[in-house]
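My questions will all concern the structure given below.
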Amino acid sequence: MTVEHHRLELETFLASRQAVLETWPTGADVDLEEGIRYHRSIPPHKSFAPVMRAADARGVTLLQPRAGVALVDEHIRLLQQLEQECDLLPTTVDAYTRQNRYDQAAQGVEKSRRAGHSLLNGFPAVNHGPAACRQVVDSVSKPVQIRHGTPDARLLAEVALAAGFTAFEGGGISYNLPYAKKVPLERSIRHWQYVDRLVGLYQEEGVTINREPFGPLSGTLVPPCISHAVAIVEGLLALEQGVRSITLGYGQAGNLVQDVAAIHTLRELGHRYFRDAGFDDYELTTVLHQWMGGFPGNESKAAAVIAWGGMAAALARATKVITKTPHEAAGIPTTASNLQGIQITAQIVNMMADQTMPAAPVRDLEEQMIRREVDTIMKAFFALADGDLATGAIRAVEAGVIDVPFAPSAFNAGKLLPCRDDEGAVRILDRGQVPMDEDVFRFHQDRIAARARTERRDPGFQMVIDDVYAISKGRLVGRPTA
Amino acid sequence: MNHPVIVLGVIGADCHAVGNRILDMYFSSRSYHVVNLGVMVSQDEFIDAAIETGAQAILVSSLYGHGEIDCAGLRDRCIERGLDDIILYVGGNLVIGKQRFEEVAAKFRTMGFDRVFGPDADLAVVDRLLRQDIKRRQPCS
Amino acid sequence: MTVEHHRLELETFLASRQAVLETWPTGADVDLEEGIRYHRSIPPHKSFAPVMRAADARGVTLLQPRAGVALVDEHIRLLQQLEQECDLLPTTVDAYTRQNRYDQAAQGVEKSRRAGHSLLNGFPAVNHGPAACRQVVDSVSKPVQIRHGTPDARLLAEVALAAGFTAFEGGGISYNLPYAKKVPLERSIRHWQYVDRLVGLYQEEGVTINREPFGPLSGTLVPPCISHAVAIVEGLLALEQGVRSITLGYGQAGNLVQDVAAIHTLRELGHRYFRDAGFDDYELTTVLHQWMGGFPGNESKAAAVIAWGGMAAALARATKVITKTPHEAAGIPTTASNLQGIQITAQIVNMMADQTMPAAPVRDLEEQMIRREVDTIMKAFFALADGDLATGAIRAVEAGVIDVPFAPSAFNAGKLLPCRDDEGAVRILDRGQVPMDEDVFRFHQDRIAARARTERRDPGFQMVIDDVYAISKGRLVGRPTA
Amino acid sequence: MNHPVIVLGVIGADCHAVGNRILDMYFSSRSYHVVNLGVMVSQDEFIDAAIETGAQAILVSSLYGHGEIDCAGLRDRCIERGLDDIILYVGGNLVIGKQRFEEVAAKFRTMGFDRVFGPDADLAVVDRLLRQDIKRRQPCS
């Protein structure tokens, strides 16, 4: 299978389309033309792109929870309750659907029906098919996005977009490395070209679908330069296929200055690389995901973690923030718990709405470091791409130039080792094959060395493990216990 | 039983890799021989590995909430395939939503698991129990 | 009644002492000598001053809730549960005792006994007497402070210190203006000289009692310069009477930069004025009170307000933080709710323990403004004092040089009018008789004018009202609703 | 009743001044004649002021939790002193702790208050009800 970085020819696209639609019976119900007509009837306040654009212009941070249950009625009720308190709605897809195991999803639906409550960790959109999905979109009055984690999301995208969802999360790298074990990059990149091309088709018809590469990746000690590079590469791939509304994402790392610097540079670098690639007719917004790693089990402590993420989002002026819930450490949240997460976030985001992180030398330094790190990775990426960015993405992962910590994929290098410094910023302990300027790498090493001195131990893997557990045990930096 | 052999893995379509990585490191450092299948492991893959390596125990992880569905029948399948008294542990966020742990544990014990652990399992305790259980099953070794 | 600023002569002190102890029967049980012996037996980890000193040296922020109920056993159980999660314990005294209405407190105890739960808003320490209070101190393993709001706290102090409490909140201004209606300053200042002299007596015997002027005052839009001036003046009065361990307080105002600047300058200016007055053998620490104004009724939103206050305390490196609870808007918290407040705060303070607010020009500006405002007020105060600081305090309040917004006291000028600026910092709309350099006042006016432009309305009292309600309605700045 | 006279105050040993200040401003702006006694007002001070000014209503605030103790007997004392059908409102955080508002309201109505409000009372609603209640009591004016 070869992948090339150019807008898929309509014919090639249509040729593969039939096969995609045939992978599950509900594919037959996908009606592109009708979908486009339906999208044209969606008022702006129910469509992702215009709502994000308006928030961006006003400099406010919108709130979006995660939520998805097995059955359609139950899912609609859930969203109707959530939309009372949030700005943007999700439809989080279950993990069987994410792996294209529609038969197992069907079983899950069946068992859920019998049990009277959801036994799936999300909404099996493909199994329910376009008409049921349309019901979901029709039953609420805010924009709804499909959120998942699917290496091959072609059928899911077909169903969801035809149904009227106005935003679609994911990308060929960000929905592969953290979510799959044995899916070659060639395959996921190609399948995501398909998704982006489909979005481009809608765009050609005047229907803007918002696309959001998945920022947090493994949610575990991901250095900003890695997630930024993935976001930018996926943005470039999407733009090429005709996508025009892009939300770049980032998972809160924990050091406030680093998090603010990350959101700022994400926006800045996104624009720079997109414009340098010749694009200028797109919209770019940002999203900060509240803490994506392990949560404390105590709900009050979880509430503090949620407020902390809201604080980072507000100070950084992310266009939206994805909220967690006090149930995070335990399991899929109840509606009540989900609402609590939104309320905590709303209060902190609103209280901080008029404040910003002060301009300061340490912030400048942090931004400068991220810029240099990303530029170095992107330079290596362009070199590997040798003119074809899709190939570049595949080669960059293969070469470990893009390397996601703790990703389960066999195709991820897994050589990069991150850990926190003395102020809790995520630094790089072992750079593996990720290219970095020597002085930048020395900066990381120095910072980690300072922590090592504080803790009177050598830098090493035990620090990484301690950092993985830290937040769930009530701290940011995993200090050795006395 | 100086180096008990254990099989680790995350069952079903579950991609949560971090806990698995840590269990691997932990048990390896406690001188177990760890056969780690990583994430997204099917019931048969667990059993194949256990047979192949002569493992004393299978430690199943499930974090993503489909544990109930994915684990159903594992004990029968083990017996079917000749692993009559292999030790089965399961741990993680085993069901959908925040449920009382006692009930969850009971459910999985009924499914044939010897021990059931939550996400806050203390690994030192797991280590101790596992050694005990292995000893008990092999009284004459 | 005349008040003079010098250490009360032992004879004068002892002469008035008998009358104080006779105001309620339990006064007869106060045994100063035995109390001193008991204090000498208290291990350092149960005494306020050394625990605060150690925290200060380590740069950590300790957690202290508020808590007090009518009955001794119930109060002990409450503290024993709280000490599982906090660092410092309170014993919050009921409002009848605060007004020396011991007969009404007695009724409250009686009714509480019959009802089987507390009908008082605090622990009536005087009514219970020294032996029962000793039981409280003996039943816990962390330092315990008396927290109240009592213009005449002489008997309360006698009882509490003899019982073994190692810290005592309050002061002649801070426990008068916000807590009384008709108590002349002469009286409260003199009565607090008594309290401080009593603490000084213990100090002479080698027993250090920590003293904490009440920082938040009315808890409602208090500009930092006002609460700083009160804290410094009360600190000077206390030092003169022999107090040696002082914790200066501040109530979170809401703008993070201003709050951090406030805690920093409070420490700095406290030291400067204390040293300039010739003191050098004292210990100074700081306390930030989480948001002291009206809370949102929704408990999740209240949790966010609590986390936000913990964030300010941690970024400012206050030596301790006084926690609120999710029940704040509703009523005296249950033990569970109080624990939640502590847990939320613990999580955020610990996550932020390794981070600081970056050094930045806006922070410098904010600190510089507070310094100049306080210096101007203190200059006027020293001029009015004309060599006698106690008289100076009385005259400064009389002249409106010290003027507490929203204070109920008839002796408070009530001319100063504060409101928020466009970033939520508390500024001065009308300075009343509070002395301010013209350029500093212009800075305040300019900032408020910027807000007025944003809101397209004139600065004025409606802004103040909107600001009073804002946090309870989910924002910091009380913007007009569209 | 173009300018109804109302007495405001915070009862007992309660020093909470902010709500009182706001009630004063609010009702003054709605062309009531407001007699504001401020904080720490005794039952007799309320009654004295009402008699002196011929007030139609007394609006008692209690924020600090001793409302139950402080307000007991106020209605009887009013009657004793000849204010037979003065309107009595009470509002604030009336009892100790977070209790169901319905129960709190019932308790204070039993004590003789005409209407009971929580801390989140909508003042526009209070204004409307108060005008109604005043009108009802003075049908022929």
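A, B, C and D label the chains in the order they appear, each numbered from 1.
Throughout what follows, contacts are C-beta pairs under 8 Å (C-beta built on N, C-alpha and C of every residue); 3 or more make two chains touch, one makes a residue touch a chain.
A quick note: this is a predicted structure, and the numbers were derived from the prediction, not measured.
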Approximate Å spacing (C-alpha centroids) for the pair chain A, chain C: 45
Centre-to-centre distance between chain D and chain B (centres being mean Cα positions), rounded to whole Å: 66
Between chain A and chain D, centroid-to-centroid distance (C-alpha), Å: 55
Distance between chain centroids, defined by C-alpha means - chain C, chain D (Å): 31
Numbers and ranges of chain C residues touching at least 2 other chains: none
Arrangement of touching chains [line / ring / star / complete / other]: line
All chain pairs that touch each other: A-B, A-C, C-D
Partner chain B, residues of chain A touching it in the complex: 95-96, 98-99, 101, 104, 107-108, 111, 117-121, 149, 178-181, 218, 220, 294, 297, 327, 329-334, 337, 406-408, 465, 468
Footprint of chain A on chain C - complex, ascending: 254-257, 296, 298, 300-301, 303-305, 307-308, 310-311, 339-341, 343-348, 350-363, 422-424, 471, 474-477
Residue ranges of chain D touching chain C (in the complex, touch as defined): 12-18, 21-22, 25, 38-40, 64-66, 68-69, 93, 95-99, 119-120
